[in-house]
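So, here come the structures, one by one.
One chain, chain A, appears in both complexes that follow, with chain B as partner in the first and chain C in the second.
What follows is the complex of A and B.
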C-alpha cells in the first residue's frame, strides 16, 4: 500500500484501512475468551490511551470494535482480550501465532486516568468489562505513588470466567491496593464471595469526594454501580462508564452507536455518569 | 433578495448551451428525468431529457406523475430519488485485499457512481436537497476522519438549483427554512418562467457560476422577469403541502421519549425502512465483508443501513432497540433533535419524501404535532431497574 503522507486525502483514506498486525501470542483466559498480543507488520505500534479501542479485523470475515487491554506504556504491543460471542469474535479468538489480523485505530475517548491523580481510584468491572479496565489499572500501577487508595472490584459469572488471574494477584500486592472478586454463581468449593459487584462497592473504603470511579460491564450492572457510587458520595461527574453499542466504522460515520446525542465511538466509549444518566434511564434508547 | 444587476435571462437554447458547456468542461451532467413513472436523477445531454410537461402529485403514501397543461421542465416537486444516490451511493467498495505470504495487502476502493464518473454537474437540484447536500458535507466531510469517497465525488460538483414552482402535498421546506428558493450553496440558481416566453432567470452563487453565465451569452433580466421570479417563489411558499412547528423541538422530543404517541405510531409503522432510504440526509451505513471461495481475496463494502432493522442496534444477546416504537423514536428524534447536538443543524430539510414513500403514509409533521399538542414529559428516571444482573457481557 503506497502511502503518500504529503497528501491529506491519501492520509485520510489510509486512516480507514486496516493495517496488518501479526499475532505473537494467543493466551486462553477462559473457555470463551483469549488474549491476543499483536505486533505491527508495517512500522510503528499504536500509541493509545487506556479505554480506547480498535476496529479489529479477521480477513474476509469482518471487523468489530475491541478495547485495548494492554499497557499504554508499551504501545509497540497491541493487546486485545476477546470473548467469542459470534462470527467475527470466533475468528479472532481462533487466530494462531503467526497469523495476520487487521487493525485500525485507536479510536474513542478513554478513561482519562490521570484525572484521578492525588485521589482514590475505584475500578469496577463486570465480565469482559475488565479488558479495557486492565489498561487503566496498569497505568495507575506504573505511577502508583501518584494515586491514593486503589480498589479493583470485579464481578464475573463464575469462578471459571475470571480473567487476568496473574494480574489480579500482582495488583493486590501493590501498596494500599485492594482487589476484590465476586461471582454470580459458585461451586461449593469457591472460597470467595458470591453475589453482585455492587456489594463490593458498598464494602470498599474510599474518600468519595476525591474518588474517580471507572466502570465497565453490562449496562444494567453499570447503572446499579453508578447508583451505588453516587449514593456513597462520589460525584456523578467522577463516575466514568464505558458504554457498548453496535459499531461499524469506529469514527462516527456509520451512525450505529448513537445514544441519543452521542456517537459513542467518538464521544465515548467512556462518558461520565452525569452526561448519560437521563439516556440510560430510558428503555431501548 | 435577487440581485437585479447580476440576474440574467436564459431561453431554452440558453439552457441547452449550459448543458453543452458543462459537458464540454468535463462534467457528467445529471438532472431530473422521467423513468418508471417517477422523476429521478439521470444523465442529461439535451433539454429534451428533462421532464417537460410533467408534474407530480404527492401525498402521504402516494406518488403519481401527472401531465401538466404547460411545457414546464421543472414543474414537479422533489425528485422521487434524492441526489444522495449519486453523491453517497448505496454501496461502496472501501477496500479489497489479497492474502500474501506475509499476511495480506490492502488496496483502497476507488469510488464511482452508477450514473457515471465525477465531477458531476447537477441540474435542477431543489433548495431542500441543496440543504441536504450541505448537511452531508457537515456529517461526512467536515470530520476528524472524513468519508474520502464522498469528498471525492463532492469536491468539484457543479450545482444548478431551480426554485420550486409547484410544491407537492408532502412538502414543508418553508417550515424547515430550506426552500423553496436556495439562498446559498449553489453555483447557479434558476427560476423557470412560463410566460409568453419560456425563460429561466439565472443568478450565479459562485465564481465559477459567474464565469459559466458570462460564457453563455445570456441577456440581462428585465425588471418584469425579476418580479415574476419572486412571484413564483412567493406562490410556492404559500402553497406548502404541510407545516411543522420546530420551536424548541429538541427539548420537546427529548422530554417526551416515553410519550404514548410513540406506541401509536408503532402500531402503524411496518419498520420497513423506506423512510430512511429515501431521506436525502439519512447517512447510516453498515459494513459487509465478502471473500472468495478459497478465502485468498476479500472485499470490504460500505452499504446503506436503516435504524429500522433489528441488526442495526444488535449486540450479542439481542438488539438494543427491539421494538418498532424505539426504532421510530430513534429515527425521528435523530432527524429533528439529536442531529442538532451532533452536527449543529436539523437532519430534516422538509422534502416530504419520507411521507410520500411510507407505505402506510406516516407523516413526520403529524407525529410532531401530536406530541406538541399533548406533551407528557418524562420525569427523570432513576437509573435503577430491579432486574437481575448478568455480569458476563459488556466490554
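What follows is the complex of A and C.
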C-alpha cells in the first residue's frame, strides 16, 4: 500500500528521524567545550534562524538539544558548540573529523533578531550561553547598518573559559559596537574586568526604550540580568531569554519541556521576560 | 582643566548631592594618578582614604600565605574603591592595583569623618551611597559564589 505522505503519524515519525551529518571540523574552545562543524550527507544544509537548536545524536549513545552557533547566512554548515557535561555531550565532543552524527531540526523559536532593526541591541551571555547568541550577533553584524548601538556583554568563570575569542575581537572592531567581557575571578595577569555580568549591563550606554536585549546563560544569571535591564528601562517585552530546560522530542509531542502553558521546544527556547518572569524565580520546575 | 568641584559633581557616586555639599567634600579631596602596575594601597596599610575612579581600571587583589594572588573585583570609571576607612580598625583588606592609567579623586578619610560627624545629613547621604556600593559588591560576590557557569548549564 502506498504511504500517504500527508498522514500525520508518518509526518510526525519523519520529523523525529535524524539526518546524517559528517564532522568536517572539531575545534577545541576550552578544556571542556568544542565547536563542531558538520555537513549534511544527504542533500541541502539546514536553513535556520539564530537561536534555534537541533536534536543532535551520537549514534548508539543518545540525543540532546544543542543550539546552532553558526552563521544563519551559511546554512550549508551546521555549527554546534558543545560543553562536555555528561554521557551524550561527552560523545559529541569526542567526535572526530569524518565521523557521522545525526541531527534533526532546526527546532524552536529563535531570537527574532530583525525585530531590533532601527534600535539598539544588547546581547548578554553567560558561559556556554554565548553559543546560541553567536548566531544572533553574526546576523546583526552582517546587516550592521540596520541597527543602532550594539553591545555584546559576556560573563564567564575565568579567562580560560572564554569562548569565541577571535569573534569577540572581530565584533569589537565593528562600528558602534562594544564587546565587554567579565570573569568571576582571575589571575593578576588578567587585564580585563572581574565581577558579575550585571555590572556590564549597568555600565553600557543604550537607548533603553528602543533596545532589544537577548540573554542566555544559567537561569539565576538571567534573572538578575533581566532585573538589571528592566531597571535600566528596557521593557520586559523587549528582553528575550533562551530557556534551555531539558527536552526530549523537540517537536512538542512529549511534554518533557513544558513550562506553564509553554512547550519550550516549540514555543521557545526564546521567550520574552514578561512571559516567563514569574517562573524565573522558582526553583527547578 | 576641570576643577575638583566639577569632577566630583560629575561622578555617579555623588549624583544627587547639591553644590554646597560637594563643595564641602572638595576640602577633603585631591586628584591622583597611577600608572599600570602601581598600587593605590596595599593590604594591611592604614585605610586613610577612598578613591573615586574617573578613568582607568583598578583591580582588587587578595592574597594569603601559600596562595597565589587573585583578582576578586575590578573597579572602572564611575566606581569607588575602598570602604575600610569607615570601619575600625581602618586597615585595607586587599591590594588595589591600577591595571591601566588611572585617574581618581582621593578623599581623605579623617577629614571626611569629621565633616560627617559635624553634619549628620551629609553623613547619611554618604552612607547611603557607600551602602549602595557595598550592597552591589556583596550581591556580586554571593552570586559568583554559586559558581553559576561551572555547575549550572545553559546554552
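The rule we apply is simple: the second predicted complex is superposed on the first by the 273 of 285 C-alpha atoms of A that agree within 3 Å, B and C clash if a C-alpha of one lies under 4 Å from a C-alpha of the other, contacts with A are read in each partner's own complex, and residues count from 1 in each chain.
The rule we apply is simple: a residue touches a chain if its C-beta (ideal position, glycine included) is under 8 Å from a C-beta of that chain, and two chains touch if they have at least 3 such contacts.
The model shown is predicted, which means the values in this text are computed figures rather than measured ones.
Visitor: Who contacts more of chain A, chain B or chain C?
Guide: Comparing chain B with chain C, the partner touching more chain A residues is B.
Visitor: For A:191, select first, second, both or neither according to whether it touches chain B, chain C, the two together, or no partner.
Guide: Only chain C; A:191 stays clear of chain B.
Visitor: Per the contact definition in the header, classify A:77: touching chain B only (first), chain C only (second), both, or neither.
Guide: It touches nothing on chain B or chain C.
Visitor: Considering only touches as defined above, state whether A:253 meets chain B (first), chain C (second), both or neither.
Guide: After superposition on chain A, A:253 lies in contact with chain B alone.
Visitor: Under the stated touch criterion, which partner chain does A:16 make contact with: chain B (first), chain C (second), both, or neither?
Guide: A:16 sits against chain B, while chain C stays out of touch.
Visitor: Touching A:141 in the superposition: chain B (first), chain C (second), both, neither?
Guide: Neither partner.
Visitor: Check whether A:126 is in contact with chain B, with chain C, with both or with neither, and answer first, second, both or neither.
Guide: both
Visitor: Report for A:199: first if it touches chain B alone, second if chain C alone, otherwise both or neither.
Guide: Second partner only, chain C.
Visitor: With both complexes superposed on chain A, which partner does A:67 reach: first (chain B), second (chain C), both or neither?
Guide: Both partners.
Visitor: Using the superposition on chain A as set up above, list the residues of chain A that contact both chain B and chain C.
Guide: 67, 83, 85, 126-129, 131-132, 155-157, 161, 184, 196, 198, 216-222, 224, 242, 244
Visitor: Using the touch rule from the top, collect the residues of chain A that touch chain C in their complex.
Guide: Touch residues, chain A against chain C: 67, 81, 83, 85, 126-132, 155-157, 161, 184-188, 190-196, 198-199, 203, 216-222, 224, 242, 244.
Visitor: Across the complex, what residues on chain C touch chain A?
Guide: For chain C paired with chain A, touching residues are 57, 59-61, 68-74, 76, 78, 97, 99-100, 136, 139-140, 143-144, 146-150, 152-155.
Visitor: Which of the residues in chain B end up touching chain A in this complex?
Guide: 94-95, 97, 99, 102-108, 139-140, 143-148, 151-152, 254, 257-258, 283-287, 289-291, 295, 297-298, 300, 302, 305, 307, 312-317, 320-323, 325-326, 330, 333-334, 338, 341-342, 378, 380-385, 387, 389-395
Visitor: Note which residues of chain A are touching chain B in the complex, please.
Guide: Touching chain B from chain A are residues 1, 9, 12-18, 20, 22, 41, 59-63, 66-67, 83, 85-86, 100, 102, 126-129, 131-132, 155-157, 161, 184, 196-198, 216-224, 226-227, 242, 244-246, 248-249, 251-256, 258, 260-261, 263, 266, 277-278, 280-285.
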